[in-house]
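Two complexes are shown next, each including chain A; its partner changes from chain B in the first to chain C in the second.
Let's look at the complex of A and B:
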């Protein structure tokens, strides 16, 4: 397998990733109906019909010698040879996969060898199962479902954080380092914070307001600062306080900076769609309290507070204490 | 009207299907190429029409829970943008038409400024 670049790796979907993570043993059918090479094709017909399967491994003296499938059965029927033995119509086994192989190995075999099912062998070469394209799909879907459940569990655990930890005042602090001019990372911190808030049990409206305010603060740090900056989010059950700080260059005229439409962004940055001069006014719309302090040559400190309504508080059962 | 119907009626190309197009019905639309204006004006479930095709449009759409981004005038999203769209499950659609034309057509289909 060729090494894949980081660029390509980013394009890989979760389903593809799972094809590498899952083992054949996690998707295969292990209760396999075995067929004897001297069995008649008519008996295979009955077996496939009764078991609702499309093929079976052929085993002689405990050794896998081939696979018989519905296609082979049709061939025998069209020749009027339903009384012939399986060994005359089976496909002799040339390929199989191992139970410990990644699922992607089976997928590759299906594509390259144009077969519909593969026998699965263990370390010792013993037949332990059979895998079809349907098994692969089912295996990936089950794993995706598990992903969703895991997110629910994470959300459940995180949402109990404020209930489970007893103190006079509990604060969860998240810190994010933002690099100057790194537009490719623009929105990463705010997306992560939004997800964290949702997991902590914030309603979508609160998470969105924080997401927008933090996005604008994040983009400001990327566009305007000399050395980047820091976003610090303090989460308490009743309030979220966001502080964005940097070490320069500072804002010359704060009142002007707060005016909608005022921007000092360069033409180059505007072409990317930034620098509309709406950042700070967007923040004001989303937060309950905003404080902006700046000293030219020194740096800027932007503090934003969002107070949660009684029904939005990040702790459902502790209201009576 | 679902995104799937909009895609077929306006002959849009699907660059990335974030969520199943048949299940998503845009609640309205917004058009701008300035990201902060979108942050201010686009509401949850809106479809956003823009000729910006770079990485940062994905973060904007994800933060606002937009139903889709329609990139106009044939602007090409780069592979990094596409990868980010896949990661964040953001639906990206693409057309050669101008923003003006797409907005007009969407309005005719009943996708207005808000519902």
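Let's look at the complex of A and C:
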């Protein structure tokens, strides 16, 4: 098979990916009813009816010599030849797949050869199963189901992290390095953090508030810093603390920077849809507590807190008063 | 006395695509998802500041940051206006995050008007 281009690779769905990952042996039916070439078509009719199958491999002296299917049976019935042997109506095997082939090989065969079922052979050429289009669909669906279960288990494990680990104070720390001027990667860190929070069992509103605050902070690091910066997220059972730090150039006038609409962004950045001077006020709206420190020429440290328990929010507002 | 009643309703994304004569770029996303309101802006900070969850975002901006913004703000679908073509990177991120990305040939005023008239409410939060 030809190698696929990167452009084509981007359009590949998970189901298609699975067609390459799964082996024929993972989707095939291995309990196969074999048919002798001298069996009568009438007996095949009974077999297909009783076993609820649509076809069977035909084997003579241990060798696969063909496949008999419901279509062949219909043909024999319409000719009134139910007493003829299978040999006269079977499709002689020209094509089969190997158990270790990727599933996509079977899919290609179905598309190209217009057959409904394929015998499956092992490395020694012995018949080990049969595969139909239905088996392929079922195999892919089962694998997709497993994907979903794994995601659920990851989520479950993550959300029990804090309950399972006993300590006086448990903190999960995530760190992300942000490059200056790298707009294409902008939002990658916040996207990963938001996903992590949801897996940890944060509710959608908290994940959204953190996502927006971290995204604005990330974009600020990309737009304004000389050497990029670092985002550190500390997750605790009662709060999420986000700290964005950089090493310059620093903010000249913090009060001015906090004013909605104030911006030092260039025209180029505005064309990208940023630099409206709303970043810090957006962050303030999303977090429960914000602290911004900066020394021109040295760097900036932005600390944001989101409290997860109602009593923490109350305590915080009491100490602020 | 005469009352004017404005009908407010949820719409399916597929209905919206029909109204705006849009083209979807992402295969395999659910176009039957419900959209509860709309938000129109070219500045992503405005979107982050004002949009409420489960809205459709209408924007003239066409870069990957639009998708990131949508993802952070729980936007249900993105419409790029004036027939702009998203880059492969943008389509890639949208596909990965499962956010429908639609292009439509008209401008902001026309599209906001069409959707509002069809009963889709504004999901832009009032300025405090």
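Please note the rule applied: the second predicted complex is superposed on the first by the 298 of 321 C-alpha atoms of A that agree within 3 Å, B and C clash if a C-alpha of one lies under 4 Å from a C-alpha of the other, contacts with A are read in each partner's own complex, and residues count from 1 in each chain.
Everything below uses one rule, namely that a contact is a pair of C-beta atoms (placed from the backbone, for glycine too) under 8 Å apart; a residue touches a chain by one contact, two chains touch by 3 or more.
Since the model is a prediction, treat every value here as computed from it, not as a measurement.
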item	value
Chain A as common anchor, with chain B and chain C clashing or fitting	clash
A:259 touches, of chain B and chain C: first, second, both or neither?	neither
Partner chain(s) touched by A:88 [first = chain B, second = chain C, both, neither]	neither
Contacts of A:177 with chain B and chain C, given as first, second, both or neither	neither
Partner chain in contact with A:137 - chain B first, chain C second, else both or neither	neither
Touching partner for A:273 - first (chain B), second (chain C), both, neither	both
Partner chain(s) touched by A:216 [first = chain B, second = chain C, both, neither]	both
Touched partner set for A:145, first chain B, second chain C, both or neither	neither
Touched partner set for A:190, first chain B, second chain C, both or neither	both
Partner chain in contact with A:295 - chain B first, chain C second, else both or neither	neither
Shared chain A surface residues [contacts with chain B and with chain C]	7, 10-11, 13, 183-184, 186-188, 190-191, 194, 204, 208, 211-212, 215-216, 219, 272-274, 276-279, 281-282, 285
Residues of chain C that touch chain A when the two form their complex	27-28, 42-46, 48-49, 53, 59, 61, 63-69, 71-74, 88-89, 91-92, 95, 97
Chain A - residues contacting chain C, complex	7, 10-11, 13, 183-184, 186-188, 190-191, 194, 204, 208, 211-212, 215-216, 219, 272-274, 276-279, 281-282, 285
Complex interface listing, chain A residues touching chain B	7, 10-11, 13, 183-184, 186-188, 190-191, 194, 204, 208, 211-212, 215-216, 219, 272-279, 281-282, 285
Residue ranges of chain B in contact with chain A within the complex	33-37, 39-40, 44, 50, 52, 54-60, 62-65, 79-80, 82-84, 86-88
